[in-house]
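Starting off with a structure, shown below.
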């Protein structure tokens, strides 16, 4: 995204909005991670507390979920950078 | 949530926003309920009107869907109350 | 929806909001279509570029996805028109 | 859809009321959009078996038409049920 | 949930800060709503086998109670993990 | 992504235009976020078989890289199709 045409005041406003969305994005990721790892790891409802096996599964699941998101994020960023530099080569 | 630091005018604003979100929450629940009960109860597309069997299924499904939501809501509220009172005991 | 009670300035505001939501609706449809057709057509990850078979499948899938949405949209509009005219007959 | 929000505000020139009426119209728009999106997705899973051809088959087309009618009927039936329930709770 | 946003802003009469505090309260409300919605949907898929009867069975009711407790435990465990991770990243 | 919204507004000091440009940038941000989220979720279901270990296996990592590339290709192909379609509708 190209914000170069914006005034400093506008850029500050954009920064604030971007930070807010990043925080909302973090919360949304948190919610999805919990749902996914709950669905994957918790299948026994004969007790109301997590077994140590379930707890371990949740820990691994959370780590893997985040490793996956980060890898997708890294590849996605590379891909967008390629698209951008490709456009510059064409236009300039 | 602690709104005690807010002025009366701010509290009125918050009340209005909360009411709006509650209404949106009701509409969202309505939409999900319809989708769930449609998926569960309607499987015959040789006619365009609901059979009495489908209609009965939708009625039961809607009642059960709401009973489920209400039970989760009640347990969830108890749990949050426990967390809150636990925090007060620690901090006070 | 009945906007007849609104002033011209309000109607212009509404038009702008409606256009914005329509654009957001288009983007949301685009996102869902991509996800659906990716899930349906791409199952081989031994290469990083789409095979011609996958590409053809995505093309057909996109066309069918849109044909489906348009048919639902047309029936939905007829149904709402029926409801509206039914209400007018009752009230007038 | 019109019945969902009851009679609505009567004609008034107050700005506050107009803002409220605008909000109501936008909420109604969002509700109709949500209904439509869930209908598209539900009728997809009920009626579209494959995405290999670009066109809807005759059977799929007929299924979609009936699916829209039945989805609408479930929406209306559930709405009626929620209305009765809501009135019951207000009387308590 | 209160721990999620830390200590929060201290008492202040500045409008900017109040707007921030309001935003924070609304974000927290949205987070709790999202948690609740995902809990309802997860416990539905774990505990409700059929929608043919209108009432929850004894077994379903017990399952829901435990499901809510376990979901909450997963939410807390994952939150703890994310917090440690976040602190680790800030130190770098 | 930049091509999605065309050339964008040229430099201008009007407030209205700036607000529009800001809205456009935010809509674009939301679009990219939605694309990323659907990509994460689709590549999860295509590439991650189990959540029992905390780390991504070699095979999963390679799968994710290709999945991101293919998802992007589907996104671009569908976008191209929608663009042609949109231009066709405007000519009518």
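The first chain written gets the first letter, and so on, giving A, B, C, D, E and F; residue counts start at 1 in each chain.
The working rule: a residue touches a chain if its C-beta (ideal position, glycine included) is under 8 Å from a C-beta of that chain, and two chains touch if they have at least 3 such contacts.
Remember, it's a predicted structure, so these values are computed and weren't measured experimentally.
Trainee: Starting at subunit C, figure out the least number of steps needed to reach subunit F through touching chains.
Mentor: 1
Trainee: Hey, what angle do you get rotating subunit B onto subunit C on C-alpha, to the nearest 5 degrees?
Mentor: The superposition gives an angle of 120 degrees.
Trainee: I want to compare two interfaces, A-F and B-D. Which one has more contacting C-beta pairs?
Mentor: A-F
Trainee: From the mean C-alpha coordinate of subunit C to that of subunit D, what's the distance rounded to whole Å?
Mentor: Centre-to-centre distance between subunit C and subunit D: 14 Å.
Trainee: In angstrom, rounded to a whole number, how far apart do the mean CA points of subunit A and subunit B lie?
Mentor: That gives a centre separation of 27 Å.
Trainee: List, in ascending order, every residue of subunit B touching at least 2 other chains.
Mentor: Subunit B, residues with two or more chain partners: 28, 37, 41, 59, 63.
Trainee: Taking each residue of subunit D in turn, which ones touch at least two of the other chains?
Mentor: 30, 41, 47, 65, 67, 69
Trainee: Which label fits the chain touch graph of this model best, line, ring, star, complete or other?
Mentor: ring
Trainee: Beginning at subunit A, go round the ring through subunit F first and name each chain as you reach it.
Mentor: A, F, C, D, B, E
Trainee: Going by the contact rule at the top, pick out the subunit A residues touching subunit F in the complex.
Mentor: 1-3, 5-7, 10, 13-14, 17-18, 21, 25, 28, 32, 36-37, 40-41, 57, 59-61, 63-65, 67-69, 71-73, 75-76, 79-80, 83-84, 87
Trainee: Which of the residues in subunit E come into contact with subunit A in the complex?
Mentor: Going by the criterion above, the answer is residues 23, 27, 30-31, 34-35, 38, 41-42, 45-47, 62-63, 65-67, 69-71, 73-75, 77-79, 81-82, 85.
Trainee: Across the complex, what residues on subunit C touch subunit F?
Mentor: So the residues of subunit C touching subunit F come out as 20, 23-24, 27-28, 30-31, 33-35, 37-39, 41-43, 45-50, 54-55, 58-59, 62-63, 66.
Trainee: Show me the residue ranges of subunit D that touch subunit C in the complex, using the header's touch definition.
Mentor: These residues of subunit D touch subunit C: 1-3, 8-9, 11, 18, 21-22, 25-26, 28-30, 32-33, 36-37, 39-41, 43-44, 47-48, 51-56, 60-61, 64-65, 67-69, 72.
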